[in-house]
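Residue numbering begins at 1 within each chain, and the chains themselves are lettered A, B, C, D and E in the order written.
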Amino acid sequence: MVDYNPKEWVKIIFSIHKADTLRKLFPLLIFVFLYTSAFAYLVLEYWDVGETADLKNLSVLHSLLGFVISLLLVFRTNTAYDRWWEGRKQWGSLVNASRNVAVKLTYLLGETHTEEKLYFQKMIGNYCVALKNHLRKTNFYHEYEHIETFPIQRIGDDSHVPNHLIGLIQQRVFELQRKGVFSAEHILILDYEFRQFTEICGACERIKNSPIPYSYSSFLKKFIIIYCFSLPVGYIFNLHYLIIPFVVFVFYVLASLEVIAEEIEDPFGADANDLPLDRMCETIKRSLREIMTPQQAS
Amino acid sequence: MVDYNPKEWVKIIFSIHKADTLRKLFPLLIFVFLYTSAFAYLVLEYWDVGETADLKNLSVLHSLLGFVISLLLVFRTNTAYDRWWEGRKQWGSLVNASRNVAVKLTYLLGETHTEEKLYFQKMIGNYCVALKNHLRKTNFYHEYEHIETFPIQRIGDDSHVPNHLIGLIQQRVFELQRKGVFSAEHILILDYEFRQFTEICGACERIKNSPIPYSYSSFLKKFIIIYCFSLPVGYIFNLHYLIIPFVVFVFYVLASLEVIAEEIEDPFGADANDLPLDRMCETIKRSLREIMTPQQAS
Amino acid sequence: MVDYNPKEWVKIIFSIHKADTLRKLFPLLIFVFLYTSAFAYLVLEYWDVGETADLKNLSVLHSLLGFVISLLLVFRTNTAYDRWWEGRKQWGSLVNASRNVAVKLTYLLGETHTEEKLYFQKMIGNYCVALKNHLRKTNFYHEYEHIETFPIQRIGDDSHVPNHLIGLIQQRVFELQRKGVFSAEHILILDYEFRQFTEICGACERIKNSPIPYSYSSFLKKFIIIYCFSLPVGYIFNLHYLIIPFVVFVFYVLASLEVIAEEIEDPFGADANDLPLDRMCETIKRSLREIMTPQQAS
Amino acid sequence: MVDYNPKEWVKIIFSIHKADTLRKLFPLLIFVFLYTSAFAYLVLEYWDVGETADLKNLSVLHSLLGFVISLLLVFRTNTAYDRWWEGRKQWGSLVNASRNVAVKLTYLLGETHTEEKLYFQKMIGNYCVALKNHLRKTNFYHEYEHIETFPIQRIGDDSHVPNHLIGLIQQRVFELQRKGVFSAEHILILDYEFRQFTEICGACERIKNSPIPYSYSSFLKKFIIIYCFSLPVGYIFNLHYLIIPFVVFVFYVLASLEVIAEEIEDPFGADANDLPLDRMCETIKRSLREIMTPQQAS
Amino acid sequence: MVDYNPKEWVKIIFSIHKADTLRKLFPLLIFVFLYTSAFAYLVLEYWDVGETADLKNLSVLHSLLGFVISLLLVFRTNTAYDRWWEGRKQWGSLVNASRNVAVKLTYLLGETHTEEKLYFQKMIGNYCVALKNHLRKTNFYHEYEHIETFPIQRIGDDSHVPNHLIGLIQQRVFELQRKGVFSAEHILILDYEFRQFTEICGACERIKNSPIPYSYSSFLKKFIIIYCFSLPVGYIFNLHYLIIPFVVFVFYVLASLEVIAEEIEDPFGADANDLPLDRMCETIKRSLREIMTPQQAS
C-alpha cells in the first residue's frame, strides 16, 4: 500500500507514482494515439472523404451510451473498492482477534504456564504468516517461528497450512481443559476468538477466489474498446486533428477506472495498492510479544 | 464459474467465451439487424417518405429516457450481483463452518471415538452434497458417501434431504451428550456451528426461490424492447443506413446488462457464470479428511 | 408472488400479467392520452398559436430536471426493493428458526415426551399462521391447529396473537426446565431460537407500519405529474401530433417505477408481487411434521 | 408520522398537507418568484440589453452542473432516509426487547413474585418514556408511572435518566440472583436483553447528535442558491417571461429535496414526518401489561 | 465538529465558517481565476486567434466526461462519509460499552469493593483518553487519571497504550474471579463488554490507517485538474470573458467535493468537521462517575 497524504494536491498531481494508472496504461495510450492519428490522417488527407452529415451524427451514439458506460465503470470501481475494504476489515479483525486472545491467554495461563504461553504466542504469529503466504500462494519457511511440535518444513506445499495450524492450537486448548487449566466458561470465551481466525481465513479466500463474474468483466472491456475506437468516426469532422488528444483523454479516463478496479479487487497481492500484509504480520507479532512477555514491555 | 485473469485485456476482448453475452444474444442481434435493415430500406428507398422534422425530433424521447433506462439496468445488474455475492458468501461460510466443526469434533472426540469421527466426517460431507443437489434440484445418489444409518436411496425425491441430514447429525450430538462424551459447554459450541448449516441452507433457498419481483422484471424487458425498436424512427433521417450498426450496438449494450443480471442472480445453477459448487464440495470433503483423519495428512 | 422464468423474453414481453404495471396504469394512461390529444388539437388547430421560440425552449426544463426525476425514481424503487428483500429475509429466517427449534426439541424431548413434542409442533405452526394473519390484518381461525390450552376463538381481535403464542411457548419451556427435562445449556440454546421469533415479528411490523416518509412520497407524485403534464407545452412545436405517443410513453415509464415501488414496499399483502406467505406457512408446517413426527417422513 | 395510503394518487397530489414541502418552501418560493420577475423586467424592459450570445451560452453551466447537483441532492436525501430508517429500526428493537424481556421475566418470576413483576413492568415502561423525553430534550414527569424506589421528580434535569433507570433495573436483577430467584443461565439471557436497551439508547443519541458534516451541508446550500439565482442569467433570452415559472419550479424541486433531507435526518422530533414515539411508547406499555398481568388480557 | 442547525438557510449561506470549503479553496480559486483571465486575455486580445469551430467543438469533451467526473466525485464523497459515520458509530459504541460495563461492575462489586470500583472507573476513563490520544498520535499525560498500578509516565511513546490498559483491566477481572468475587457467568458477561473495547480500537485504527487507495485518489485529482484547465479551451469562443466566472465556479464545485471527502474520511483529527472526541471522553467520564459513585449523582 502506498502511504500518502491525500491533501497534498500539487505533489500528487505532478508525481507519476508506479501505482499510477498513467504509467500502467502508457503502452495502451500510445497505441490509441497511433490509431487515432492514422485514422485522422487517412480520413482528412488521404482518402479525402467529403464531410457527410451521417457520420457526424453518429456522435449521438456516444452521448446516448456515455451515460451507461460511466455508470457501469463507477459501479465497477465501487464494487472493487468494497472488496478491498472488506479485505482490510478482515485483516483488521485478525489483528484484533490476536490481541484479544493474547490478553486472555496471558491471564488465564498466569505466571506458571510460561511454556504454554510461548507456544500460543508463536503459533498465533505463525497463523498470520501462514494466512499471508496462503493468500499470496507463496511459502517462505523462514518467516515462521520455530516450534518443535510444528515442523513447518514437513508440511507439503499443497496442504492448507492455516487450517493445520488452527487445528493444532485448538487441540492444545482442549488438552489444557482436560488438564484443568481452563474451565468451561474459559473454553467458551476462547472458542469465540479462535472461531474468528477460521472465519477470517474463509472470508479472505472468498475475496481472493471470486473475481467479478466473467460475463460482466468481459462485457465491460468489449464495451470500452468499441466505444473508444468508434469515437474518431463520430467526431472527426467536428474536431479534425483535435480528435487525437480528445480520444486519448477519453480512453485514459475510462480505462483508468477499469484498471483501478482490477488492481484493488484482489487486495492481497504485493502490488502498490494492495494491503500491507507484511507490515500487519509484524504488527501482530509485536503485539503478541508486548502482551504475552511483559518483561519486554517494561 | 469461469476462471480467468481479469488483467489480460487482449485475450478477453478477442475471445468469445461461451459465457459471453455476445454469443447468448446472437439470435436476438440478428433479429434486430434484420428489423432495422428492413425498416431503413422501406423508409429510405421504397416508401420515399420525405424528411419530416417531426419524426427527427422524436429522438428527444431517447435522450430523455436514455438516462432512466441506463440507471435501471445498472441497478438491476448490481442487485443481481449482490445476490451472486451473497450466495458466494453463504458457500464460503459453509466451508468455514465445516472446518470449524471438524476441528472441534476431532479434539472433542479424541483418539478413542474413531467411529463417531468417521460418522461426522461423512455426514458433514453428505450435507454439502445434499445442499448442492437440493439447490440444483438434482439428486445424484453416487455423490453421497455410504453410511449405514443413512440409507440415502430410501429417501424420497420430495423430502428435504439437507434437513433430514442435519436432524440425524444433531440427534447424534445429543446422544453423545447423554453418554457423557460432550459436556454442556461443548454442546453450546457445537450448537453454534450446526445452527449455521441450517441458516446457510435457508439463505441459499431464499436466493434461489426469490427472483426479482415480476413487475420489475417485466417492466424492464418491455422498456428495453420499446426503446430499441423505436430508435430507428427517431434517428433514420440523421443516420440513414448507419442506423443499422447503431441500433444493433445500442441493443447489444442494453440487452447484455439484462442478460448478465439474469444469469448471475441465481448463482447455484451449472451455467458458466455460476458458482463452482462441485469444486467447493470437493474442497470441503478434502478439508474434512485432512482434519479428521490425521494419518492421511502426514 | 408470481413464479416466472426471467429468461423467457418473448413470453414476458407479450403477456400482460395482472401484476403488470401496464394494466394497473391503464386508466391513467387513457387520461394522459386524452389530455395530450386535447392539448395538441387546441394548440395546433383551434387556437392557431404561432410557433414561438419561447415555448419551444421550455423543453430545456425537461432535460434539466429529467435527470433528477430519473434518479429519484430509481432510488425510490430500490428502497422499496430493499424492504421487499428484507421482508423476504425475515420470513426465510422464520423458516430456518422453525426448523432449528424443531430439530432441537425433537432430540431434547426424545421418545418419551410425545405429547410435548406435538404441543410445540402445533404451537410453532400456529405462530407462523398468526404472524401471517397479523401482518395482513386478517384472522382466519380455521388456519390454526387446535390445541386445548390455546383457545384461539377466545382471543379478541385486538390482542397481539403472535405475542400471546410466544408467551405460551416460553412458559412451557421454563416449566419443562423446572421439571428437569431441559438443562441450563438447553435453555440457552432454545432461548436463542425463540428470541428470533419475536425479532422477526418486530421486523415485519416495522416494514409494514413504516412506509416511506409522507413528504418524500407526496413530493415525488407531485413532481411526476407536473413534469408529465408540462411536457406537451415544451415539445408541441417540435413533435406536433407525435406528442401524443411521446407523452404517454414517458408517463408510462415514470409512473411504472412509482407504481412498482408502491407495490413491493409492503411485501406482506396478497397482491401479485407480494411474498407467498401462505405457501411459506405450509412449508413450515410440513417441515415441522417431517422433523418432529418421524414416522410420517419414512 | 403521517399515516397515509401511498396508492391514493389523486388525494396526495391535490392535498397540501402541513408536512408538504410546498408549504414549507412557500416563503422562499415567493422570494424566488419576486427575484426572477424583477430580473426579467429589468433585463427585458428597462435596461434593454441586446441579446448577446455570450449570456445565452452561460446556460451550458447549468446543464454541465445539473448532473452534480442532482446526484448530490439524491444522495443527500438517501443518507437522511437511512438515518430515519435506522432510527425506526432502533425503536422497533426497543419494542421487541421490551416484549422479550417481559415474556421471560413473567415466567422466570412465576406466580409468586407479583410485586417484582409489577416493578419491572413499570420500570421498562418508564425507560421507554425516559428515552423519548431524553431524545426530545423534554421532561414530562406525568408520563412516568409512579414507583416508590424511583422518585422521578428528584432526578435533576441534567442527569441521564435512561441510564439511571437501566442501572436500577440491573441492580434489581443482580439482587434477585443473589436471593436465588434467578439462576446463572437466566442472568445470561436477561443480560442479553437489557444490554440492548443501552445499545438502542446509544444508537438513538448518535443519530440525534450527528447531523451530516457542516462542510457538506453548507456547500450544498450554497450550491443550490448560486445555481438557482444564476439560472435567469443563462436562460432569459431563450425564455423571456417564461423564465419566471421555470426558475420557480426548478428551485421548488431542488430545495424540496434538501428540505425533505433536513426533516427526516433527525427522526425523533415531533414534526409531521418524525417517528410516532408517543404511540410507540403506548404500544410498549400495552404489550407489557398484556404479557405481565395476564388477568387483563383475558 | 461544528454544531449547527441545518434548517437555518440564511445563516449558513452567508456565513463563511472556517470549515467552509470556500475558505479552504480560496488560494486555489484565485489561481484558477488568474489562469483563466490570462488565457482569455491572450486568446481574445493578444493572439487574436480566429474563431475556429474545431476548438469550439472540443466542448463536447466536457459534456461527455462531465457525467463520469460527477459520479466519481459523488461516490468519493459518499465513501468518505461512510467512514466518518462508521467512526462515529465506533465511538458511540464506546460510550455504550463503557456505560454497560459500569452498570454491571457497580452491582457485581456491590457496596463492599469500593476500591475495585474506583479502579475500574478510572481505568475505563483512561482507556477512552488513551484511544483518543492514540488516534491523534498525541500523548497528553495530564488527561489521564492517576492510578498507582498504572504509571502512565513510564509507558514509552511507542507502546500501544490502549492495549496495555485493556490488558491490565482484564488481568484484574480474572484476579477477581480467582478470588471468588465474580462467578463464571459474570465472566462471560464482562468478557463480551471488554472484547468490544479492543474491537472498537481496531476498527478506529483501520479507518485511520487506510485512506482510499492511492491510484483512485491520484487519478481523481489529475482528472479534476485536466478537466478544469481544459475548460477555457472549449468554451472561450462561446463565452468570451464570461469564461472566467464560469471556470471558477465549476472548479469550486468539483474541488469542494474532493476537499470535503478528504476532510471527513479521517474523522479522528482535530479539524472542524472531525468528531468531538474530547467532548465524548468527557461524556464517558461523567457517565462513569454518575453510575459508579452514586453519592455524586444525588
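Keep this in mind: a contact is a pair of C-beta atoms (placed from the backbone, for glycine too) under 8 Å apart; a residue touches a chain by one contact, two chains touch by 3 or more.
Owing to the predicted nature of the structure, the values given are computational and were not obtained by experimental measurement.
Engineer: Determine the set of chains touching chain C that also touch chain E.
Structural biologist: D
Engineer: Copies chain A, chain B: same or different interface, half of numbers shared as the threshold?
Structural biologist: Under half of the interface numbering overlaps between copies: different.
Engineer: Compute the distance, rounded to whole Å, between the mean C-alpha positions of chain B and chain C.
Structural biologist: 23
Engineer: Could you grab the centroid distance between chain B and chain D? Build each centroid from C-alpha atoms only and quote it in angstrom.
Structural biologist: About 38 Å, centre to centre.
Engineer: Of all the residues in chain D, which ones touch at least 2 other chains?
Structural biologist: Correct list: 63, 67, 71, 184-185, 188.
Engineer: In the complex of these two chains, what residues of chain E are touching chain A?
Structural biologist: Within the complex, chain E contacts chain A at residues 28, 53-55, 57-58, 60-61, 63-65, 67-68, 71-72, 75, 79, 154, 159-160, 163-164, 166-167, 170-171, 174-175, 184-185, 187-188, 191, 195, 198-199, 201-203, 205-206, 210-219, 221-223, 225-226, 262, 265.
Engineer: Within the complex, which stretch of chain C touches chain B?
Structural biologist: Chain C residues touching chain B: 1-2, 4, 6-7, 9, 12-13, 17, 19-22, 59, 62-63, 66-67, 70-71, 73-74, 77-78, 81, 84-85, 88-89, 92-93, 95-96, 99-100, 103-104, 106-108, 183-186, 188-189, 192, 235, 238-242, 246, 249-250, 253-254, 256-257, 259-260, 263-264, 272-273, 287, 290-291, 297-298.
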